[in-house]
Amino acid sequence: MSSIDRRQFIKITAGSFGAAALASGLVSDWWGATASAGITPDTDGDNVVPTFCELCFWKCGVLAHVKNGRVTKIVGNPKHPLSRGRLCPRGTGGTGLLYDPDRLQKPLVRVSKRGEQRFEPVSWDAALNRVAEGMERIRKAHGPEALALFYHGFGGSWFKRLFKSFGSPNIAAPSYAQCRGPREVGFELTYGQGVGSPEPVDIENTRCLTLIGSHLGENTHNTQVQDMARAIERGADLVVVDPRFSIAAGKAKYWLPIKPGTDIALLLAWMNVIISEQRYDADFVAKHTVGFDKLKAHVADKTPEWAYPLTGIAPQLIRESGRFIASQRPASLVHPGRRATWYGDDAQRSRAVAILSALLGSWGRRGGYLLPTSMEVPGDKYPKSARKPHRPRADRLPGKHPLAGAALASGLCDATVTAKPYPIKGWMVYGTNLMQALPDPRHTRAAIEKLDLLVAIDVLPAEIVGWADVVLPEATYLERTDDLHVPAYKEPYVALRQQVVPPMYESKPGWWIAKQLGERLGLGAQFNYQSSEDVVRRRAAAAKIDFAALARDGVVLGKRVPACRDDGLPAPSFDTPSKKVELYSDQLAKLGFHPMPEPSSPEEPPQGMFRLLTGRAPMHTFGRTTNNRQLGELMSENEVWINRAAARALPGFEDPPLRTGDKVVLVNQDGIKSTPIKARVTERIRGDCVYMVHGFGHSARGLRFARGRGACDSDLVTRVKVDPLMGGTGMNVNFVRIAKAEVRS
Amino acid sequence: MPEQAETTARAERFWNPYVAGVALGLVLLASLLVAAHGLGASGAANRVGVTALSALAPAHVASNPHMATLSAGGHHPLDNWLVFEVLGVLLGALVAAYSAGRLKKKIVRGPNISVPWRLAAALGGGIVMGIAARLARGCTSGQALSGGAMLSAGSWVFMLAVFAGGYAMAYFVRRQWR
Amino acid sequence: MSAILRKRKKRYAMAMDMRKCVGCNACVLACKAENDVPEGGFRCWVEIEIRGAFPDLKQRIVSSRCMHCADAPCVSNCPTGASFYSEGGAVQVDPDKCTGCKACIAACPYGARFVRPEGYVDKCTFCMHRVAKGKDPACVEVCPTESLVFGDLGDPESSLAKLLARRQHETLKPEQGTEPHLFFLS
Amino acid sequence: MSAIATFLAEHRELGLLVALLLGFGFGFVLERAGFGRADKLAAQFYGSDMRVFKVMFSAIVTAMLGVMIAHGAGVIDLRPLAEQTASFTWLWPMALGGFLLGVGFIISGYCPGTSVVAAASGSIDGMFTIGGVVIGSVLFAEAWPLVGDFYKSSELGHLFLYDVFSIPAPVLALLVALMAVGMFIGAEKLEHVLARRRREGGVVDDGQSRALEVDWAPRPRRLIFGGIGGFAVLGLVALAAPERPKAAPARLGSITQAELARRVLDRPWTLRVLDLRDAAACAKRRVPGAECVPETKLGALGLAYAAGKRDLVLVGAGDLAVLPPAVTRYPGKVLRLRGGFAGWKAYALTKPAALAAGADAAARAEWTFRSALVAAMTGRKAAPPPPASIKGYAPKRKKKKGGGC
Amino acid sequence: MNEIVRVHHNPLSALGQPVWHWEIPVYLFLGGLAAGVMIVSALLARRFADGGADASETSQRSPWGRLMILAAPAALWLGMFALLLDLDLKRHVLRFYTTFQLSSPMSWGAWILLAIYPATLLFGLSQTTESERDWLAAKLRIGALRRILEGLHSWAQQRQRTLTWANIALGVALGAYTGVLLGALGARALWSSSLLGPLFLVSGFSTGAALTMLLPLTHREHALLRNWDMIAIGVELALLALLFVGLVSGAQAGQRAAALFLGGRFTAIFWALVVVAGLVVPLALESIEVLRRRRAALVAPVLLLVGGLALRWILVVAGQSPLG
């Protein structure tokens, strides 16, 4: 029984209630005769501003309602092709970011040892001067290449302009080597083009959606979720390969609870079924592919029975699901996934997905992979800087990861630690919390120790901000106008991010910060704008887009062009050396890699340990949103999922047995301990792995809401298996054991 | 009044100690066999104390390792075998006393001690026993009787020590009783 | 359906498609934003139920809110008349009459009600302020999976009535005899 | 534990109710024994009335002998029950605690249990004693930082008198019972002498000694002493009774190679595979997920204390003839791998013989599984699948269901 | 094995979370106590009125026994104060009396409560002696009061029979209402039983008798109350048994609710406090009192009061707790 509210009690005993009751009950409506009125809110704005979202990187169009200068609510923009008027919870929760009481409010300069998170507020002028001086000093001592930019998010374009002009090629986003990189390489090798974002997949029209390495539904990229629901409505079926009974698995016709790390074996076995039973698209294979015979020979012995000992999936289930996938071709979509940095064989794994898709002939077909185009919008014109980098990017050593298609953020971090191929002395970090984004924070800290300058530009005081020398508070996406968004999409469009309310506190938009720094670094010419609106207007004018309409609607749609053969797209061409779909890759063979995907067997978890898997929740985008009070109300901490049978047998939990909600700590193979995290004892996961949602367990002092809630998986990722093809960091190679959370004494 | 005297005499009539002892032994045996639990008393008092304290200062109780163990397993400190057992003791003794005509308000004391002193001694002795019972993990019921029957070495040490303590102290408090 | 329904001209109701819903909670937050629901209170929530043992599992996802019952125990148990049926049979709370006695909360089999910090009881209103303007409730509007459909059951031409005629559906706790008007499509 | 005790342990709430009933009996008997009266209790320490001693020791002897007989009859196992019901022995804390408790006993006139009885019969002093005990225990907890180390000192674990003297438990019980009877006789004598001396010393007969005389009625005493003797003899008989052979529990069994292979692949987390061969052989090749634990090191695994929720699979070189004793205390299922590792080698590491012509579907499936398994285990390429007729495949279409109401 | 992930829910309204805390069981207990006192006092008055006006020892009343009915409005007042504490919007409290909701037991109850004050006070006044009225008037130092008291007294005395029946009727209504209030909440399986009304009525009667027995009554008054009480305890035990039989043989939710008391979370505390300590032991003590002619002890009434409070407390908590 709860205690009495003391204040209430005092109020009552003071005797005031009688009078209050009379006043309210008697005067207002003694007999209750007036008609009852329900509760009516008033949250519609006086002013509704269209822009697009930045809570994740999908960039849905939103309408922000503004009333008395305050954003009251955010709803979907019905005109925007990505949101179609609907939003995921994060989109609605944008106000939680804007009005987060923990936001960075003033420029800060570090006053004690790095990482101690002690800062003093300074003026913008002082902070910018300090950054510019630091950058100049490093440039003079080590060359401009000794400065690296890490960025994530749409506002990063201004700083890329700054670094390019400054003469540093070391510009990297963790979204490549820590996320989508392997997928891009796998598809580039096979089709001559990557997947990109938003993924050009026609989920809406597919008959069979195969998710292997994707938990769409928990990973709420708005349009994809909308399309999946529409596909289900139209009777499409799902095949879901996941060690965990994900939301999508719950809707699937076939759920294959695969042993983690053995996807390639399964994909090869599917190919075996499809080829040996002649269920492939013979026409597409004959016309557009090379190396089919080699592939046929390669998978001839890779039967479902062969795959069973490797994957733990019963042969009959592999065979049946494989037949089903083939039966729905070409409207049978094997989803490429998004994050694909798991076991170090990830580019090959993505290649297997690409090859399977080719066998299904779903490339360029309705219900399969589309070939969209974007609107013709020229880039912003600005004078090229005279400073050119003299050295190549530092993210990889010669001969390593030859197929990497973009800078490796982890590689830049390695180079900073080892000073090879050359020392890196300064980091600018824009909108990415490297402590959680890069594997093994100990390694990142070691790199930071080598730096002369670390500048963090961010909205919230994430962990990386605590390590910075200078902190520049950026305005949130609702307080700034950014560059135009011109994606390739089946419905080409241009979208505008525009300022909804003026920046709060002393925060400034990224374009302003970059320009200020540019001017201080003698790069004023490259920042030939007064405000970002100049850039946007210039580009719109060059593309002959009505800016007024763009500002009014937030989006301008282009002419819809066919994106698949069913709509009249001519036969596709492929930008590979053979100009065909390379089932067998000469390119790989020449580089000394397997020309066709080979199964790799992952290391077994040591006795008493579990493989650590991570994923996403619909209400959060990594650690970026976990301090958002609104989203935190939906999910304030992560849980570690443990199979029920495995939990019952956990050593150390004999009596009482582990129950859902008990706090545990995870200890990895290198003895790293997590913060306490609640257990979820569940049937929904295999017994050889545990799962948690990424992005929790913050330790930064300034994140007053998120701090200490749940556990941080990145801390436990002290080992990675690097993809030899492209340098992606496979992170699902860590093992943890479950220990009791210590009772505080 | 003769009637009064008769009532008093009847009220003084207790069971033969050996009969009572065997009956007690059978209850204890039943407890050991049926519930796999010895009979106790001081553990319940401890739990009552901790519960009262945690109502006043919950944080303080949670921070004391000795007290925090009492709510292990997610149960309220009073949601415990011993507490229910002692509740039964209370009721059983009540019925026994009432049916024997011994249920009345009284202060049992020797002829040479005043009421306040007797009560102070009762309280003080209780405090000493409270501490002692915690130290020894049980009292005459839990340790000496139940542990003794299971032939636990510690229990026999404890039992001998109880008699030693009693006899050693008896001389100093003789005025209370004689 | 019940006699009460046939008598009414309008009968607002909602359908929720359990096949399409992914349990993302967009409805929950959109409702909170639209209705300025205080922290800790929810007019709408999501439940995911898993049955079975690995690997034979069944999942059921429900986005739930006040069922706007035709025979609502909250209304019949309200001692002051603060809970009432408004237009279209939607159950509403009049904050001016509510004493915060919580009898309605105890009476509701669905857990749809809560006490606001101001002291009166709050719950889903079917976004009547939006419906009056011809808009869908906020949860319906936001749902990325289009799992929620709102409409007038009294109008046989409404998309809701047609949907319910076409698809198999159920209500929660029918044994309570409350005649809920939130239908779950399976 | 007896069957009923196990049942109560699993049904906690019912166990609490049983506690209430047992407590009721405890309280009833204590009250009737006169333990609700401080003067009766204190008299023990002035030699005038040995009631406390007599009641306590007859209770202890009764319960002790009862437990011994129950043990002999196979109702319970003595040691587990003793370990569950009696605390560890912490020598010095217990000695000091006992001494202090005796001191508190004579000051207050009650022990903690009897104070409850006294309070229930209306003694205000009894209520004060309860209050004192409550306060005392809280004080102890408050003083934890000071006393914690002493509290935990001289821990001797579970220590029983029959361990100390290395005498079989029933024999010791008999000795204790005999000693008790001897002490009872001594106590009677002592009381008699003291009572006579008091009368001779002119002490006014206060009715108390009259009550004592009632107690001295000889009949029950003889009965009781006789009863104790009888029980003691029964206990000895129980000791003499031959140890009943215990039927092998159902949880000991065996597992075939095929079963093991499938379980290792499907749900390895429900198994714990122990390879008992010598470390070198095990390190070279073993069943996937197996731990190399030579038999001599089995004890170190603490299997008896595991939750026992996973099935323990034992792999020997060949068939295991006898189960190592450390394993038999494992609370869960223990399965011997039939044929041991030699069998595994033949089954999972050696290519299966070619399929006989005209083999049925089951044999073909088994052959395919084995060759795939061998391939997976040895890294060899799998044999091409046996030719099987490919039947046409059409995906199952969902039937359209009619609408509802 | 079912696993339910309820991402978030109203902390107050999620089934399984308590809506009502200590205030409600206390209110129900005091309401039942008031009802019991009313019925007991009225029945006693009737018994002695029928006994004739002779001055024999057996027909004498103790002042406590006569005036005990005044404890009813006092207990009710305290109970209503507890109820008020539970209201989250206290300034709207008068909304109870601006309407009458036919379908709401709480609305009925609110109006019943209002009728009880005049009924009990008048009845109490009719039981006073002249000297007591004098004492009261003197104590309050209001001259006019004396006349008003006399007027009311003679008015009430003339309607003694009506007042007696009115108090019995209102007492029964109040006692039953405390149970019906919970019984109308069909959402909570444990409560949704029509037996709760009679159960709380009988229990209220028993606690009312117990409270009265704590006072120095005449021997006959005490004996009457004790005998009634023993019957009430017997009926209460039977009703409890029926309640559980009904739950166990009913719908699944009811079975799960019953399981809370038949092996579940509330088993030990319910059977120990309510059944054993609160009913069986008092019944045993009262039986001993009758059979062995022991002098009355206060313990049985105290246990009954504790048991009565525990009954309501546990039922209110258990009714709101998650099932199974």
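Going by the order they are written in, the chains are A, B, C, D and E; count residues from 1 in each one.
Just so we're on the same page, contacts are C-beta pairs under 8 Å (C-beta built on N, C-alpha and C of every residue); 3 or more make two chains touch, one makes a residue touch a chain.
The structure displayed is predicted, hence computed values, not measured ones.
A.B. asks: Between subunit D and subunit E, how many steps is the shortest route if every step has to go to a touching chain?
C.D. replies: Shortest path length, in steps: 1.
A.B. asks: Measuring between mean CA coordinates, which chain is farthest from subunit E?
C.D. replies: A
A.B. asks: Counting C-beta pairs in contact, which chain pair ranks first?
C.D. replies: Maximum number of inter-chain contact pairs occurs for B-D.
A.B. asks: Need the central chain here, defined by C-alpha centroid distance to the all-chain C-alpha centroid.
C.D. replies: Minimum centroid-to-centroid distance belongs to C.
A.B. asks: Counting in whole Å, what is the centre-to-centre distance of subunit A and subunit B, each centre being its mean C-alpha position?
C.D. replies: Measuring from centre to centre gives 65 Å for this pair.
A.B. asks: Go ahead and note the Å separation of the Cα centroids belonging to subunit B and subunit E.
C.D. replies: A distance of 36 Å separates the two centres.
A.B. asks: Roughly how many whole angstrom separate the Cα centroids of subunit B and subunit D?
C.D. replies: 26
A.B. asks: Go ahead and note the Å separation of the Cα centroids belonging to subunit B and subunit C.
C.D. replies: 58
A.B. asks: Which positions in subunit C touch two or more other chains at once?
C.D. replies: 23, 25, 28, 40, 48, 50, 52-53, 80-82, 96-97 - these are the residues of subunit C that touch more than one other chain.
A.B. asks: Give the residues of subunit D touching no fewer than two other chains, as numbers and ranges.
C.D. replies: In subunit D, the residues touching two or more other chains are 16-17, 19-20, 24.
A.B. asks: Quick check: what residues of subunit E touch more than one other chain, meaning two or more?
C.D. replies: 1, 3, 7-8, 90, 92-93, 95, 98-99, 268, 272, 276 - these are the residues of subunit E that touch more than one other chain.
A.B. asks: Across the complex, what residues on subunit C touch subunit E?
C.D. replies: Subunit C residues touching subunit E: 23, 25, 28, 40-42, 45-53, 73, 75-82, 96-103, 105-115, 118-120, 175-177.
A.B. asks: Taking the touch rule as given, give the residues of subunit A at its contact with subunit E in the complex, in rising order.
C.D. replies: 1-2, 4, 8-9, 12, 17, 20-26, 29-32, 633-635, 644, 660, 682-684
A.B. asks: For subunit B, which residues count as touching subunit E in their complex?
C.D. replies: Against subunit E, subunit B makes touches at 79, 84, 87-88, 91, 94-95, 98-99, 101, 103-104.
A.B. asks: In their complex, what parts of subunit D are in touch with subunit A?
C.D. replies: Against subunit A, subunit D makes touches at 265-270, 272, 288-289, 291, 305-307, 309-310, 368-369, 371-373, 375-377, 381-385, 390, 393-395, 398.
A.B. asks: Please output the residues of subunit A touching subunit D within their complex, sorted ascending.
C.D. replies: 235, 277, 300-303, 305-310, 312, 314-315, 323-324, 327-328, 604, 607, 643, 645-646, 648-651, 653-654, 657, 686-688
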